[in-house]
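Chains here go by letter, A, B, C and D, matching the order in which they are written, and residues are numbered from 1 within each.
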Amino acid sequence: MLHLRKLVYRTLEISAGKRRGMSLVFNLLLITIITLNAIAIVLHTVEEYNEQFARLFIDFELFSVIFFTIEYLLRLWVCVENDKYSHWFWGRLRYMFSTSAIIDFLAIFPFYFSLFATDLAIVRILRLFRIFRLFRISRYSHAFRLIQNVVAEKKEELILSTMLVVFMLIIVSSVMYYVEHPAQPDKFSSIPATMWWGVTAMTTVGYGDIHPITPLGKMLGGITAIVGIGLFALPTGILVSGFNEHIRDRKKPSRNVCPHCGREI
Amino acid sequence: MLHLRKLVYRTLEISAGKRRGMSLVFNLLLITIITLNAIAIVLHTVEEYNEQFARLFIDFELFSVIFFTIEYLLRLWVCVENDKYSHWFWGRLRYMFSTSAIIDFLAIFPFYFSLFATDLAIVRILRLFRIFRLFRISRYSHAFRLIQNVVAEKKEELILSTMLVVFMLIIVSSVMYYVEHPAQPDKFSSIPATMWWGVTAMTTVGYGDIHPITPLGKMLGGITAIVGIGLFALPTGILVSGFNEHIRDRKKPSRNVCPHCGREI
Amino acid sequence: MLHLRKLVYRTLEISAGKRRGMSLVFNLLLITIITLNAIAIVLHTVEEYNEQFARLFIDFELFSVIFFTIEYLLRLWVCVENDKYSHWFWGRLRYMFSTSAIIDFLAIFPFYFSLFATDLAIVRILRLFRIFRLFRISRYSHAFRLIQNVVAEKKEELILSTMLVVFMLIIVSSVMYYVEHPAQPDKFSSIPATMWWGVTAMTTVGYGDIHPITPLGKMLGGITAIVGIGLFALPTGILVSGFNEHIRDRKKPSRNVCPHCGREI
Amino acid sequence: MLHLRKLVYRTLEISAGKRRGMSLVFNLLLITIITLNAIAIVLHTVEEYNEQFARLFIDFELFSVIFFTIEYLLRLWVCVENDKYSHWFWGRLRYMFSTSAIIDFLAIFPFYFSLFATDLAIVRILRLFRIFRLFRISRYSHAFRLIQNVVAEKKEELILSTMLVVFMLIIVSSVMYYVEHPAQPDKFSSIPATMWWGVTAMTTVGYGDIHPITPLGKMLGGITAIVGIGLFALPTGILVSGFNEHIRDRKKPSRNVCPHCGREI
């Protein structure tokens, strides 16, 4: 039994040891099922596909939930093999509250909850939760881990620049509201409504559904767009430098230092 | 009395000494009130909230003004504790014209002025001035001080690149006016009106309310957008390098220099 | 005969040796014909030019195909002069499947195929293939080779960041679909339809044909635009550094190294 | 007479010597008149200002032309003081074809030409030429000289990346034309018409007057916007590095070099 648990653990986790082949096959199968789930979630919202392949969508959904449930229970059973969760009860409880286990749980929970929910609105919202299955793939994705690391490292600077953007957005939208409200009371109806203009102007999206028409408003709108470009240069610069640092680090695992000045060679 | 003045001074300013606890509590309270003011300013423009919580908005406005007025008077009283403003009269006068004191004054002045103003248009404009309360938070914000430093340091380059943008905007809008005016006399009605197109094209916002329709105008519009991207690369590059320098500086407080080449290690 | 083959080979390829003059003349002629082909492909879609110069377009097309066919056959004949394709049969076969030979083939093949095709839809699609002629110029273009090298070198990072963008696009569009579908069932009709909004929001194009109207949707739309700017900072940063490295390399062909720290001087 | 010529020369040019005061006054006057001209050119296109101040605009135009004409003739007279144009006839002729003298000439020539022109269309176009007066200010502007230097230095890379953009624009627009033409024959009427879409999509302006509606067209449009961001990263990166190099150079006029490795200290 304990031997079997070890075997299952090695299969579920990506291991580099003896049972590497089985682990690789299982994890490729898992990625395939998750990807198919993402495609199914996207395509089942297209009316014609939904009608044509209704049976297929339901069957695949059922199969996915059963597969993910068995996998979740197996992971819970074998997690004690990991030194971090070695206690038979407290270890398993702590594992259940780890980020990856929560994501795994959120991928299956909505299905079981919707069986008992009678309110259609709740069922609709629960469907949205199925997108969490896509997050499961992030465990395998270098990209996702990279972005996590960069964001974690540059957290302080990013919060700082986000605060600047929000600060700027409030100021610009408040001024614009007082300038444009008399001319377009239906569009610039309140400061929160004007903030929608503010965010599309500062990010230079500019859908065109709301824009100033008075000369003063246009002047302010022009300055906002120019300032917005400068303001977004900040997080862009932070992220670019963060990503570059990481990419450089990954490429040069070992480093030498000049004996004279201590700089890297 | 002098002892009390010292105590109040230490509470108002963010101090690192003995009375640190009281100073922290007061400043957190101040930040909370300022943030609530920002939320109130934004939300009171939403019709339904304004009707529902009319009483609350007025009461909170009154409370804020009284709080800020007392705080302003206290600051004026204790500012002489600061060596920069030590003279009992001239010191206080000079303090009144410091940037932070002016912002504090602009946060309360509109309320008192509006009590005597009978013209509704002026009262409306004065309401706009309440946003200055939000600027008060900038005293605590690293972000705001950072942007101030970067802008101050790179002032010359930013003026230079702003001049370039304005120069380019006038040239492009003038040429576009002569090209598009005959085809769209109502939209490209004058060079100032065309400059609204120019600024949305160069910043790539592109609301879609005004755009060239003649082949020559479209060609010019395409070139403008391409040149605009290049032109805005300048202030973006300046600000990115400015922010990066500051962030780097803040992280490495002390520096050593290589004895061979004098470069930083 | 063998002497002639050598002569033709040296004329077709850009050689630096004796017959440089003839080779230069031929290659300039080839670039001119390709450029004229590009102009013809673009202009023949303009109704009035197509009617006015119908004869000219057909004649030039015929001339181009004959010229490219003769050139293709000549290249096939002389390719054995190249050491890589020296075998009289297998060398020529391998040459036919080289990238440049395939591009040459695709530039003439549609014409011959359309002579036998009776289905008009296929003939239309084949016309599109004529744009491949433009790719032929890439052989002479430093720009094209530069972009190929940069993309090849930074392949891993670019795939990684493209995955991130796609991942983000699916998540954002799925959430937006559930938020906006009830309010605008005709525009946000399905997740794939919402992805068109997602891509225009994240790239800040913002045509304005589809955008959120509910408060929650607008908030999500604003966050998407802000995140999109950060997300696109990644490939931009990768490409900028890639291009800069190449441009720098091309300018400094030889390098010296400091004997003390081994850094480039 | 010769003494007077020297005096006039020193006044017209920005000199650092004895007559510095007079030169400064004259050049400030010149900048003021040029700036007023720019404002007049912009404002006279606003219908209501043009009617109200018609007399003023005409008088100022007359004054400006007389002032610039006298200045042009004086410059022509005194240019022989400059060693470069010392010959009394050939020197003056060569001066007339220098960039700055041509700009000066283009600033006054349209007025004299329009006196004899009877065709109104030509007079309209000549009015456009008055914007050249604004270019005269570039002589004083560091910004203008900076951009000239950067563009001159990075010429090769900029041509290369512009070629890439044009190349990409033709390919993308050709494919989009064949994809969208059947669905929107009036908007995507020809490849040149589709190139207007292409340029607004690649620069992310997105006016919304023209955009794909078919699923395949939308997919292609999304890819175009993503590729466009990458493509414009190239000239942006080139210009940013070019400007940064210049700004850095201007700040460090003198440099020392480490005796060990020859790097700048």
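As a convention for this text, a residue touches a chain if its C-beta (ideal position, glycine included) is under 8 Å from a C-beta of that chain, and two chains touch if they have at least 3 such contacts.
All values derive from a computational prediction rather than experimental measurement.
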If you walk from chain to touching chain, how few steps can bring you from subunit A to subunit C? 1
At the place where copies subunit B and subunit D touch, is the share of residue numbers found on both sides over half (same) or under half (different)? different
Top of the farthest list for subunit A, CA-centroid basis, is D
Rounded Å distance between subunit B and subunit C, as computed from the means of their C-alpha atoms: 45
Chain centre separation in whole Å, for subunit D relative to subunit C (CA means): 32
Residues of subunit D engaged with two or more neighbouring chains: 192, 195, 200, 204-208, 236-237, 241, 260-261, 263
Which subunit A residues qualify as touching subunit D in the complex? 204, 206-208, 260
Please name which positions on subunit A make contact with subunit B in the complex. 157, 160-161, 163-164, 167, 170-171, 173-175, 177-178, 181, 189-193, 195, 200-201, 204-208, 211, 215, 218, 221-222, 225-226, 228-230, 233-234, 236-238, 241, 260-263
Per the touch rule, the subunit A residues reaching subunit C in their complex are 38, 41-43, 45-47, 124-125, 127-128, 131, 134, 138, 141-144, 146-147, 165, 192, 195-196, 199-200, 203-209, 232, 235-237, 239-241, 243-244, 247, 258, 260-261, 263, 265
